[in-house]
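The following block contains the structure, expressed as structure tokens.
So that you can tell them apart, the chains are marked A, B, C and D in the order they are listed, and the count of residues begins at 1 in each.
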Amino acid sequence: MYKVGIVGASGYTGAELIRILHHHPCCKITKVYSRSLEGRLISDVFPNFLGIDLSFSDPKNDDFADLDLLFLAVPAGAATEYASRFDGKVIDLGADFRFKDPHLYEKTYGIKHQAPELLLQATYGLPELFRDKIKKSRIIGNPGCFPTSIILALAPLVKTGYAGQIIVSSLSGTSGAGRNLSDSQHFAHRNENFGPYRVGCHRHTPEIESNLANLTGQNHQVVFVPHLVPAIRGITSTIYLDRVMSLEKARELYTDFYQDEFFVRVKGPGENVESKNVIGSNFIDIQIHEDKHADKLIIVSAIDNLVKGASGQAIQNMNLLFDLPEYTALDFYPIYP
Amino acid sequence: MYKVGIVGASGYTGAELIRILHHHPCCKITKVYSRSLEGRLISDVFPNFLGIDLSFSDPKNDDFADLDLLFLAVPAGAATEYASRFDGKVIDLGADFRFKDPHLYEKTYGIKHQAPELLLQATYGLPELFRDKIKKSRIIGNPGCFPTSIILALAPLVKTGYAGQIIVSSLSGTSGAGRNLSDSQHFAHRNENFGPYRVGCHRHTPEIESNLANLTGQNHQVVFVPHLVPAIRGITSTIYLDRVMSLEKARELYTDFYQDEFFVRVKGPGENVESKNVIGSNFIDIQIHEDKHADKLIIVSAIDNLVKGASGQAIQNMNLLFDLPEYTALDFYPIYP
Amino acid sequence: MYKVGIVGASGYTGAELIRILHHHPCCKITKVYSRSLEGRLISDVFPNFLGIDLSFSDPKNDDFADLDLLFLAVPAGAATEYASRFDGKVIDLGADFRFKDPHLYEKTYGIKHQAPELLLQATYGLPELFRDKIKKSRIIGNPGCFPTSIILALAPLVKTGYAGQIIVSSLSGTSGAGRNLSDSQHFAHRNENFGPYRVGCHRHTPEIESNLANLTGQNHQVVFVPHLVPAIRGITSTIYLDRVMSLEKARELYTDFYQDEFFVRVKGPGENVESKNVIGSNFIDIQIHEDKHADKLIIVSAIDNLVKGASGQAIQNMNLLFDLPEYTALDFYPIYP
Amino acid sequence: MYKVGIVGASGYTGAELIRILHHHPCCKITKVYSRSLEGRLISDVFPNFLGIDLSFSDPKNDDFADLDLLFLAVPAGAATEYASRFDGKVIDLGADFRFKDPHLYEKTYGIKHQAPELLLQATYGLPELFRDKIKKSRIIGNPGCFPTSIILALAPLVKTGYAGQIIVSSLSGTSGAGRNLSDSQHFAHRNENFGPYRVGCHRHTPEIESNLANLTGQNHQVVFVPHLVPAIRGITSTIYLDRVMSLEKARELYTDFYQDEFFVRVKGPGENVESKNVIGSNFIDIQIHEDKHADKLIIVSAIDNLVKGASGQAIQNMNLLFDLPEYTALDFYPIYP
């Protein structure tokens, strides 16, 4: 039984790790950490977990002994310290290990990277694309939610050498912004309200571009606009591309590319992509459309931002690190309705 | 491996059975039935299940051979035929086996009971209260969603001989009404909309009263008003009672009564009951309050109407019938947020 | 043209005053006040008002000269100062002038009343019940949202001498709690979530009981439990009463009692009460049901908490104070869907 | 007092016409028509209108005598008959008079245009762009909701000769699909659910392209993907354009272009566009962003699909036809929250 700990377990991605790992047959959460909640029961913060006997420890006073793996669900800039102090396996759900180039990280997040030497031990944790490298890494930079939905939707095409335009319009539920209170997330403001935000400057754009470049060896320019919609979970990405091949070829390309991937469901002709079809699961649904009139391919994807876009994917990476079947504890189907 | 079938698998409770049973270690869904969808894949109706290889059969042309148990998720009046034709174990999620007295059923549902003799083989499927009898029964009348939330919240008190007033105000998400389209369930009408319905005449009132009477041997009169709220899942019931004992005694009574029940969580002082804390799980949360000023005890409960209020409880009953640990495949925690 | 000012215009009830008064043919908002937003445009805080040329002043440095009337939309305890400093007409949307007895106010709100002598100049602002007194008053204590929905639903009955039980279950949208950020109002927590709160101790209970007593000269004991539901606006109240008269008599009683009231709509047989039918309007819908089985009358009402439950009613009171037709600027119909 | 009638008053746009016209000082609804509801009160269908004394007539047996203007809120193909039979002014909220070319209409809607000769008397009813022609027309083709949000957001730019790419991602609430029941609009399916629909084939694309061409004399190719989100009202459109001018120039261009337009609010630097800021009003909010990295201008707009996107704009057109101030009965501000 592997022993794992979670630093930053009082947030939504921490809670989602706890919910899913509760069913993992080969690993057990032995420690949850929070700097402000030492001694409190997990169910004091998340009453849905009433019955789970786990109390918060302060990560400052802990040497993480006995742990086989540490999940880090902390703000950008806070993960490097833990990854330095703990020499076991680390999966960071934040941004600190998503970039190979510390300068790009610094430009994007406006803070200095505290341990650039660790980036050499780190791999971007998209299992469907970087599986072999992940297995051999000590540190995993778990991808952002938007990048997961976009990179997986683009990978088969860009790996053919696609060099055309990439314009992305993504929609997201609110849980991606976490538990921090804000006017934008106040129910009376957010319900019955939607629209774009951070137009032209979202932090996920460099993450998408640099990891596409890692994948293909080419540069790719991405226009990315996220939109907030009045739902809790879910991301859909609508990607406008040049029609470099027919719809049938594109669907064949994607079906072949992902044929052995349990978590990728390439939809058949006539089927629609909606966020609800993946909520509560680690699946990504992908559909390919064409606009013949305007000569475009339009690829659409959907994920649960807290599962495939965060904690589920982190557990998928953990399974790889522990050499377990990749879908262990993750082979559940979406909750509907 | 037990083999089970589901008649009426195209509705929400059918889908919830499929979702949960997918993880059951000792039983397997081998047949799903629908009169109108013969030959269609389950994922044609529920795209969230893309990847599950199950196709609908027509129940009319089937002898249910090889099945160990049949779940019936069909409208009132339609279950008796299947329970007659199949001589294995049957769990009916509808109302046909919830009453001992066929006349009360007929008065309540306005249709004649087609097989009153089967009622002798049937038990009301509230495991926490009728466990021993359930284990020995062939047919289980799985309780209604509102009655589950109300009877479990009243049981410890009424078993002490409580003979006071029982006034219930329940709130429900919309999924309890199923997939049938209606003006009331049209999104533009239902969102940002709430209020009471079927005031003074809901079909669950006789189910509650008669099963409380079965529990105590006494008659109990219940005033019950349900309210529809703009949420998909969840039921909360607020029950106004005479203050026949102090708050402390009442909490002690409930804590003791349910101390060995995995699925019943009696909340501690100061904790609130909200529907979200149980969504996606088979738990029922119960809290006891008092209004000293008006000399009332006020008991509040919350369940997921599709899990503890329907399919989860049905699987809990199945586990009892198969002599398996009661929480098999049901020991997952609520999804949050 | 009457000149009015609003202290506390940065909250939801302040905004609703601005929205409605914008169309008032005989009065004009000349000043809006906020202690923290001096100099800012109203549209900086409420972008929906882009185009309205109003800037915040600091109420501390203002003598309210030139104003004919002051609306106070401030927290409990803060209104007395303004009502003392300004000797014109005052409508307080908070609790400071809702009680005749300062001790009851102090017990309920846990703060000392700063100007009990002003209570003699104040009237509880329910126009349908206290119209004549309102017209002659300098200060109006505008009723709370729940009390408005409950007292108007009870008035015809209690005025006949009804002395039976009064048990109330109310549902409310979230805007009643205002703009202050809280975990309970965080979208990811609140959406798909509902349940009772402040069971047995809500501050509106004494307001309801004391104003019912003012109406009838009798004491009335009320059991009141509010529930929060995932909607922005709206309140419904379900009131369980002894069946002291037949349904037909009760409906006749209510229809007669409110026959000249523009804003009270007593529903006909078979019609349902839903919050959506009054949203955006100053109407209160009332329906009467019976539960013959349990010998109860069940009365249901619905209002928009920010209109009839706050700002609309305040303007209705203003119209009375200015001797204008009561429905001036308020005769708009609910927005649907 | 002008007398107006509404054919198809039982739908959402019909209801919105009634709600707004109720306050119009110079016109009165004297007849509402529905083929299936003859004799029923408007409040039987829309209980929010309880108190408005209007009953449905059958339009088949009516000669529309005494009417000054007829609003048509009927399905595509049904409007031509009424526009032929009635020789007064007609405003059609459907698609029958939005195209100059009947063949494009026929290709788009798959039905033959029944009165192509009437197209010569018709003008596309976007007042901000075609005001003078509208005033002189007998028949107005009231624009679609998406086209309104997109054409107004593009007009200043395309009129400068812009010939670059136009890629549009729009989000819409559900009320645009009307009252017809469907699985997609069932609350339990739609809440917490979102995604693109009719990718590459929406009927509004030809409407947008042909009316942009009418405006500029050039051809414009538009890529348009709508998305459905779990809200009742509102549309936002995010438009990706080549950066043919700087952000400052673009903002100046738009501010100048719309400086005399009451209903167009070009937002200042740093302000966000959200659907909620226009809900319940006839405003369109427009904001201009740039993505320097990818060399794009990104223009965003928001409207209430039932007001500026349908009934409000229809009344704006009516005011023009009657030579009234354009904002009569329309100068209300959005409801918030």
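We take it that a residue touches a chain if its C-beta (ideal position, glycine included) is under 8 Å from a C-beta of that chain, and two chains touch if they have at least 3 such contacts.
A quick note: this is a predicted structure, and the numbers were derived from the prediction, not measured.
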More contacting C-beta pairs: A-B or B-C? The answer is B-C
Per the C-alpha fit, the turn needed to bring chain A onto chain D (nearest 5 degrees) is 180
Expressed in whole Å, how far the mean CA point of chain B lies from that of chain C is 39
Chain A and chain C have mean C-alpha positions lying a whole-number Å distance apart equal to 46
Distance between the CA centroids of chain A and chain B (whole Å) is 36
Touching two or more other chains in chain B are residues 12, 173, 175, 188, 191-192, 230-233, 272, 274, 276, 279, 337
In the complex, chain A touches chain B at residues 12, 15, 18-19, 22-23, 46-52, 175, 191-192, 232-233, 265, 267, 271-272, 274, 276-281, 283, 285, 332-337
Within their complex, chain D touches chain B through residues 12, 173-175, 179, 181-183, 185-188, 190-192, 230-232
Note: in the complex, chain A contacts chain D through residues 167, 169, 171, 173, 188-189, 191-197, 199-201, 205, 221-223, 225, 227, 229-234, 236, 238, 240, 272-276, 279, 289-294, 296, 298, 300, 302, 337
